[in-house]
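Pasting a structure below so you can have a look.
For reference, chains read A, B and C in written order, and residue numbers begin at 1 within each chain.
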């Protein structure tokens, strides 16, 4: 692994373009330093008055550079945008300087409920309860309070409120979008596993 | 994206092989279950069984045993679910114990459907449980990175346009009231569905006192002062208790006619020690 | 001016110490990324369990590196502590970004927090969090930035910082004094009303 910077060889013979690319990376870095929520490449491009594609590339390069050189920061695309984080290697040191300190981990019940909401959204409370086999009132309320799920209209059939996950949920799990969720199909039973006499519709409201 | 194979769901911490292991360590509190599916999965995992060939007798017995351990702790919704699952398991167990009969029998078909429904729900639950475990790992991983969230440097804060509250004092007060209002209990209470709890023992005492003094009364008059249906029911149950201890006798001259209650006990000495059983509350 | 990294020459022959020095720089960087208040070399050294002299050198090296490579961040020593800032060269972009963001209006979370501070001042961050049931660091920071609340000493019991509303807050509400805030009592729900609400909840898991 080479520790030499990409532009090291060019030295003072930097072409204008190269200088600009480098300057763009630094400008992106400067803006990232003041954001307090994930920021999209589009929003950055607008502020910097650069084409989005260039900004997106600059973001990728920054991330790659931080990782390759194991800097103290990581650039991650999470919850629909880019944001600077302290590198996980240094969690033990960083922890004590963070005001909120150690976040309370989600309970088993909260994680299970989030799993159902994530894959079945928008979904009613009753449906979540049916899948989990327990009442979910308390845990749904907690997830709402903590802004990990939000209401999204009502079910036309039952009139029950519908819930979906929030960007904060993605951030909390370190995901950038819902399509990063693992495929549920392999986890659901195979037809054969249940025997020929059972035609199982995994999506059926059971 | 790597996903653990389904087999690991609910069993992945069970490497030690002793006892029921769950995320977060060994589970020593037997009543610490999230729900009937949770319990069933753990029992199945414990016996290293496939859900499709559950050793029904054993799992059913243990399942029932766990419900009994739960005692009165369950909330209504949870208890109902447990009972549904338990009933289905018992059905299946009973069917196994009987000699194999005619498969075309409608009861058998219904039983098969019940089994399939239960297992389908269980398998679906198992899938989401596996996802929840993945979520847990991701959360733990994400928790090692702290986002940069700092106060905007003064030079930028100063160029911000003046902040607009967008609300008036009255709306602000409403927001404060909402935030400061005592939070609803974590579970939906069912208290509001019922009149205040009625104690069968108290109702029996009331009856004992009255009947001992007047000797005889109609049920109608005995419940005339009741404010809630629950109280009427409680008083009726109290009456049955008195009947069981042979303190009262009933006469009903015509079907659906007035029920006459006669005091045949002693002097109604209010010896509460006689009634250790009647302390359950009717709510 | 050379763009080559200090440790580039050593390549794979990194001595253990050099590796450690590099790692120390990254650890310092990680902590600096998350701190809001300038942090002293001594405090850093303590958290990282390294000699203060090494940490001080690492801080100097980081500053020098950021400057030499014209990164988006600057490391500045302010009042005996160190803090990362976005580089002033890029101030125009950062300003544009900050102005682009819809920062003129407060979020619901911020308004709710402001309401709690208004009626419970002086109040600690922990108390606000307890009332709102969620972490409030971000919104408290926003309200501080927008000069709607300010610090006002520390809680004698917990040592936590106390917050109160500012004159600007009153001005924005068109009030001349705090005692003009509407009385809260008539707005607080009675217990019976709460019960009625619950009874009418069609979604309640019963």
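Just so it is clear, contacts are C-beta pairs under 8 Å (C-beta built on N, C-alpha and C of every residue); 3 or more make two chains touch, one makes a residue touch a chain.
It should be emphasised that the depicted structure is a prediction, and the values quoted were computed from it without experimental measurement.
Chain nearest the geometric middle of the protein is A, using mean C-alpha positions.
With centres defined by CA atoms alone, the chain at the far end from chain B is C.
Here the spacing of chain B and chain C, counted between their Cα centres, is 43 Å. Once the centre of each chain is set as its mean CA position, chain A and chain C turn out to be 21 Å apart. Put simply, the C-alpha centre of chain A and that of chain B have 36 angstrom between them.
Residues of chain C in contact with at least two other chains: 33-36, 85-86, 94, 98, 133, 137-138, 141, 204-205. Touching of two or more other chains is recorded for residues 77, 146-150, 152-153, 156, 184, 188 of chain B.
The touching residues of chain B, when paired with chain A in their complex, are 1-3, 5-6, 9, 22-24, 34-38, 50, 52, 75, 77-78, 81, 85, 112, 116-117, 119-121, 123-136, 138-150, 152-153, 156, 184, 186-188. Interface residues of chain C facing chain A in the complex, by the touch rule stated above, are 1-5, 7-8, 11-12, 22-23, 25-36, 39, 47-48, 69-73, 84-87, 89-90, 93-94, 96-98, 100-101, 109, 125, 133-135, 137-138, 141-142, 202-205. Contacts from chain A toward chain B in the complex involve residues 32-36, 73-74, 76, 78, 83-88, 91, 94-95, 98, 102-103, 105-106, 108-109, 111-112, 114-116, 118-119, 129-135, 137-138, 141-142, 171-175, 180-184, 186-189, 193-195, 197-198, 200, 202, 204, 206. Residues 76-77, 146-153, 155-157, 159-170, 172-184, 188-193 of chain B touch chain C in their complex.
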